[in-house]
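Note that chain A is present in both complexes that follow, paired respectively with chain B and with chain C.
Now for the complex of A and B:
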């Protein structure tokens, strides 16, 4: 059954797109039928709803009407019920569709009519429409938040789909915000959606945040996290911040209560908790480290939950007022950090956090982050957080290109030009990706020495013994995913003396297995 | 293993790593450690000493810079003492008590 024919996968993709469209069409037809049925029966059903509340003669009027109609009589011709309705079209604070749609949360004391009206009056800005932003937006739209803003400049890629639940195979290549809005409109057309089709910048942050009550940080870089927190402090907006990687997630409600900078009774900001950014080398992205869909999903759902709690308010706590002010009652929840670990026991852990830092650069009386500095672009968040360019640790003579390697592997001996540099013996190919990645796909005949073992090991380590057993004439070629770790590994191997004082060539594949795929073997898996 | 965790042999403490830090510590999240009661200068063992001790005795990964910078935990790591922010407990100066749980959390950025 299995086939590598690329046409087969195209056919498969088209089939699944068609069935997705058909399912959507079917759902639309159902909605249309329901809407038509409702349109035909609007009068009577509205009447009976109203009559349940109206008991002029000791029994609900609807019952009277029913029994009277059975008796073939009319009650009071001069005052027909429909006329009474027309006189008070705004009798209920919510529309009938809203009563029905939000009924399951309306009957809970935590929400109730008051909470629902607050949700409807609220506006929430979601920055990042990825693994966190998608579930957060879905639940907030479902709950009936009045206005939802979405900020993202990225497009939908197929590797997003295992976790970014608003996007689909049919929306590949679309801007994430547009893909999300089309999903959310189908979910709840009663919400106003605002799409910001570009990455948030320091220059645009203040203006974008201004018209929202609350902000959700669903982004994935330290630079954006500092920027969002700073803008929230400057504008007095509470911030629900979450992040996830591999099997773990973290959640904090920051700047809550959102008091002005210098007011120590306000909640801590991101800079209070992390005054200095982490070294760029320690920052791992989902693309590098991996992410389990439900893990980031849990964190996004928790963000929506915290947002609903903040907006709808709870008795005896401080809540976000739609007009931007705050309703001050008893103490709000003390600041905390929630840790989630999918494979940990317990899975959830709540940590008591510090309050505002007296010397915080953003929220203290010593603040250096100002609206002017932000708007002028003089705060360079990318510079502040640092970045690591591609590793450039080896000399050109220590590196092979994918072309050179391909030519060498095609022959039993090394290709002449390369041989002068590397030696004539066939190289041993050492793949330094972690074992789980090596098991996914690897070059034929290559051997696996995970980078983590090389970083850990001392002189007596197994990996060294393994490589020392290789015949001393054989060159060692190190490969990895992108060609960065391989350079570090070559350095380590030379430090350990594997190059035999220059008798043996030890080098790497420039650009790693990505270059191999792009230049030599397009069938080599891209994960 | 001793019943009396404050015995002269040392302080029994539970040290945990999350947020990827466990990868620097033999891929183990939870370590039971017997920490000397007094540090190199005969002062009571505090968090700063624990961090040095972990680097020298527990961490096998060479990439120390992913855990410490300028003799303290690097930026982006929160230290939590018995489920509370170390800032609430005196930071590095906090003197370790028997059976303390010290959690090192690296902040995550993915989303």
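Now for the complex of A and C:
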């Protein structure tokens, strides 16, 4: 719409001058209001003491120095090229992109400018990029943590995808750390990502942890949990530890404040809470025990939240720490263990933990865990936690292969070679997987006796009655998923006298239903 | 998981993770008072093998507070579980 009247252009010019002035006035009023608010609520000296108290509240002093130096440096910091056009030195501590990207958390008193600068100056190590590590890493990258390290030696499998949200069908077969970094770079390219493409070992832990402010334990074995906790104690790093199985999760912020071993005012470590590892035979992985995606997701998200709270500190001082009393001087958050039960009521329970255990092997004055012992590999975490190899409890004569079973089932009579060992009667097939797995898929004609009933051997002997009703000359063939539980079950059945002093054959399917699928029926579901 | 009050003269015991799998229960009622150091014995009697397979590595809490049974056995602080208490057996979960 070209105007041909000179008056029109004058009006236009005046209008734009007025709106520019109004905008400037608005900005000036805002600045004035902010300055007045600060002057009223906190005098300059109070402001500085409040800052000091915040910074010392359980957060490594290095962060204080870091973030303050960032604040102080703002005028000398090299400006992004896009802003070099501005002749004056940069006025603002964050880039324009950062103001926009982090705007929704920046405007919260809990974060604010200071919290964001501390996040940017922080480095966080995430060990394990699975069900916990994926959501934790996504939120920490999203929040603008300066450097994120990721440790994992595993590759992405299709059974991971219902919960490990950084990986995708397209990244199957990739190393988890690489898959994660590619997702995170797309999410926030402003973060530095460091990939460690191997499992954490006692020998590598100290060196790996050294360049990080905070560690997240997102691993899945007892051995790694003790190793990570020990390394954090030795190096004085706070640790955010979480775990999840089936429908439950646990969350703890450990070694916070991170005082040297022997200093009773430091936060408890993993060994203080769980001095004894669980018996190796009882340790169940998500692969065996199952896991609901959102359950482990909740725990990973909570880890990210605790990490942000620790790093960003507390800025909303008026409400959080009324007058900076003594309690807040020592530690604003006493150590706790948060329990999540997806199907429980209430779903969350927060347990108050003790301070450091007076006889703790890692963080007390009686500590036996030393940096030298850790680095030399003389602390054997796998042995400490016990190790269960594949079960090898049966004699070859007590086992059938998948081929043999297939041949027997295909013919009306038992295969000759098998018959010599097992007998001519067709065996009853006892599947000892838990009922929910049996219901997914099972061999034709098999009957279900869950292993949990056989192994607890408590008051319920229903399973025995069920098997005693089988005719005494009929052999019993026990099958399970992988061929471990089945061996233990055979032993238990013989102890209970089901083999009739050798008159009846009781044995198992070697390699379980996995062997059946691999050698006989590729259509048999692999779950 | 019942959070309702136990009947008179009893306390509630909550089972988490492996403890819940072992007993096939999420909670149970026991007679109070009971010295905390006797808790595992009572449980072992009801569930043979429970101590070795699960309890030995568990944390125990009373009314949402961690208690140290080892220290308790030294006689320092012989805590007694009272009527109406909520006690929990919490095995370490290591998966993730």
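Note that the second predicted complex is superposed on the first by the 419 of 527 C-alpha atoms of A that agree within 3 Å, B and C clash if a C-alpha of one lies under 4 Å from a C-alpha of the other, contacts with A are read in each partner's own complex, and residues count from 1 in each chain.
Please note the rule applied: contacts are C-beta pairs under 8 Å (C-beta built on N, C-alpha and C of every residue); 3 or more make two chains touch, one makes a residue touch a chain.
Since the model is a prediction, treat every value here as computed from it, not as a measurement.
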When chain B and chain C are modelled together on chain A, clash or fit: clash
First (chain B), second (chain C), both or neither touched by A:444: neither
Partner chain in contact with A:274 - chain B first, chain C second, else both or neither: both
Contacts of A:222 with chain B and chain C, given as first, second, both or neither: both
Partner chain in contact with A:289 - chain B first, chain C second, else both or neither: both
Touching partner for A:471 - first (chain B), second (chain C), both, neither: neither
Which superposed partner A:344 touches (first chain B, second chain C, both, neither): both
Set intersection of chain A contacts, chain C complex versus chain B complex: 128, 130-133, 218-222, 225, 242-246, 248-250, 273-279, 281-286, 289, 291, 296, 337, 339, 341, 344, 349-354, 357, 452, 456
Complex interface listing, chain C residues touching chain A: 1-3, 16-18, 21-22, 24, 26, 47-49, 52-54, 56-57, 59, 61, 64-66, 68, 70-71, 88, 90-96
Chain A contact footprint on chain B (complex, rising order): 18-20, 23, 26, 29, 60-63, 65-66, 69, 74-78, 80, 83-85, 87-88, 103, 105-111
Chain A residues within the chain B interface of the complex: 128, 130-133, 217-222, 225, 242-246, 248-250, 273-279, 281-286, 289, 291, 296, 337, 339, 341, 344, 349-354, 357, 452, 455-456
Contact set on chain A toward chain C in their complex: 128, 130-133, 218-222, 224-225, 242-246, 248-250, 273-279, 281-286, 289, 291, 296, 299, 337, 339, 341, 343-346, 349-354, 357-358, 452, 456-458
